[in-house]
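Take a look at the structure set out below.
Letters A, B, C and D name the chains as they come in the text, with residue numbers starting at 1 for each one.
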């Protein structure tokens, strides 16, 4: 049984030795270990891929770990079995490039997830959902209905036991109603190299400023708009020969690549969040 | 005689034909032509490299151009002879990497300039100036003496007929006293991908924000701090494994490369400024 | 009527003036002009976007150009009207990522083409063709049937008046039977930064060599395998932590982006081929 | 006392636990641990930064490690104290950009090395050595004197107890005479993205092939020309507008950046070599 363990705790001497010894003693073979210490806050982070013999009970392992190491070192930790396929919901509005890209990857088996449904505040992309045979829920959002819409979204997420949410160019602000239920589990793609050009119309702002490089940023959603922990960024060059339409077209490729990379990192449990920043393991 | 001509004017039909015909008629052979139209402001930009026969008088060509085409099309234009080596002054404070890089390129013949002197508000880099045999002027700058210091700087620039100024990590704000005398002729290097992290300590700000990409930006200096027309930008990746010191070290390489590219573009007359943006010809 | 004109001819003085004057005299307004001189072979290249008044007859313009300028300057040239949508055929084998990407772009209106059909030597991707409602022709290829298969491919291309062919990871060598009918009109994507790792299994070869960067190259197909004129290349970093499977996964993203960029350049008539190299206009 | 330990051995279960426990038991605190398993050859690699208390005898630690863990797990390993500054010799010919860059970094304190001398087969760069106050040895190399010249080089390297050699655009092939004495300790910079364009005049070859990207590669020198383990690579874009001279100018910046990065990785003991490939720790 392949598993991934994520740990963070106050940094102390001897943690690596203690954890690797513990796993070893419980029939686990460590395949990969990566660790990091945030020196400003003195926090230790570790990610371990381990292979346990079939006879090991992961439930008992978790219990023993909780009662032993986790207490000793004041650890926050979680164990994921590679056998369990996470459930990912997709929120979209009208732009289709990220949705096409995600669904193509999904159909190809490139993303190890289930996609129980797509939610949209518009009906424009219903056809794509049907083309890829994914359930599509149209939940309109207006200033008046926003609260109600989020309750309906939340109901669907709970009902399907969704693990994380991807905002694939969902042009609505998500409020604490959802964020508190999915902390560091809502992944957004913003079409600029944040923190430059946060907010609306970043390509127009980039064009007006005359930058020579544009970017895209995928981040976990927090209460502060476009200010959550950054998972992945990439950029491409532009010049005076490019119109705003060219910026947008170039940006589409960036957005879909950056978003899919962020999702893969999340799926492989390679992201840890601390102090509004991410540790992204190799 | 090789020359470069830069033109901008309201866009109209027939300009390219008129200009190329005019140059042709005056004994010039066009080696390279690049043009651009800013569709928002309807401004036409053109850059021409031409080879004139030795018998051509550039003075007479200028006169004829002024009285003819320039009037007809309401052109702003300038003609540069490749025989004239521009004079570049360098302003520095205490960081030496950009200065070392520029002087190494200069000594290797990579930059087709004269460097009459280096000005600094500190004495830390005097030794490097001496090592490369360039005059070094220490002009201290305090809140009280700033105005006087800029007058002294200006006096030196005028005396040596300096064509343009490079701020090679000069940690002082330059005021209108200098900017008005050298419009679009003062090149700065800022250690972030502007407009992100304008102002002081951009690497610290980038580190705190947890970005995955850092950058450097070279721009013409205007009254608004770090907000002038961007000439060149580049970026490099960073991760949670990098400390602020690592950001600074990686950034040094970016800064020196980006600054030198901007200077070369300026020297080849490949930059034109309009509406606080640049046209950068290929 | 918007048109694009491509010209190449021996370099001589006065061409730009002559061509722009000619277009002007025939009711054309030049929107964009780009030119290049290959100094080794002394060949002049030019690309012009022009807007002609509705009353202009492009047929007569072509006739006049042929009898006038084209003769005087020994030009090879062609004129394309933006009103005519080119027809693009896609050849695939079993890999689906480039096909998904192209069809998604096509459906979104990002590619200004018609796609009359997809040809494959396998049936694996028939379902995707159906999903996007494009005709799919299965033409099996074996050592014995190769000649016959190419005749069948050619028949379909001719019947549908296909303008150019995209090999979207088509794992077969295309012979002169097709190449001679579509010179510089068959676009391939090769999964390495050519000329490194030409031929089969480039990701395996890159892995074995221990490179730190992998790439993808889109080029026009010529008789020499993977040696045709390069249209577009891009790269991404890899490390010892990446397996061959990781190389392949990272490469998929490169391949689809690079191929789509090359197709867009081809569609916008921004590519010219000479001496097995390309001029790619901005 | 800060130390870096590098280990490689056949992969087995429990190594990380054993090593971290051992260091812990000998008064060491692990600051950073990175590991990798080459799955093809089943070899385990580990790099540990540890801080030992002043009372620890590193000599005794080494002895205990050799007799214990190293035997049990058949390890090849080495321990480096951060207090010891490595000695780096530089070999050059006539190109000065890498030399200027390295000496500027050295003078700025960016490279934690001693540079006892520069060796060249020409006298062209003597002046730069003098400018930076480094000893310069001119050792001419001809077909006849090559063996004798290498003996003289070797004598100087031995006499000064040089730890590693940097070929900073040294245009001579280095033979086994030197390589065997400095295995994986001679760092070269080659001006192409290897394996493309190995051998002489890579920029000319890249120009002729019409590539859209050029690169530079730093690698350890082995008997096979330009085929040693790659430490670092980077690339930059080129186009039809660039002449061979432009390729060379753009390449200079790549070369100096890539070479300096490789040297820093080597200095920080972040490189391990196996099967002609490198493990480069983060």
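The rule is short, and it goes like this: contacts are C-beta pairs under 8 Å (C-beta built on N, C-alpha and C of every residue); 3 or more make two chains touch, one makes a residue touch a chain.
The structure displayed is predicted, hence computed values, not measured ones.
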Same-site or different-site touching of chain A by its copy chain C, using the half cut: same
Relative to chain A, which chain has the most distant C-alpha mean position? B
State, to the nearest whole Å, the distance from the C-alpha centre of chain A to the C-alpha centre of chain C. 36
Indicate the whole-number Å distance between the mean C-alpha point of chain A and the mean C-alpha point of chain B. 42
Mind pulling the chain D residues that touch 2 or more other chains? 239, 241, 282
Could you please specify the touching residues of chain C with respect to chain D in the complex? 36, 38-39, 193-197, 209-213, 215, 229-235, 239-241, 243, 276-280
List of chain A residues in touch with chain C within their complex: 96-97, 100-101, 104, 107-108, 110, 131-132, 239, 241, 249, 252-253, 257, 260, 282
Contacts from chain C onto chain B in the complex sit at residues 13-14, 16-17, 20-21, 24, 29-35, 37, 282
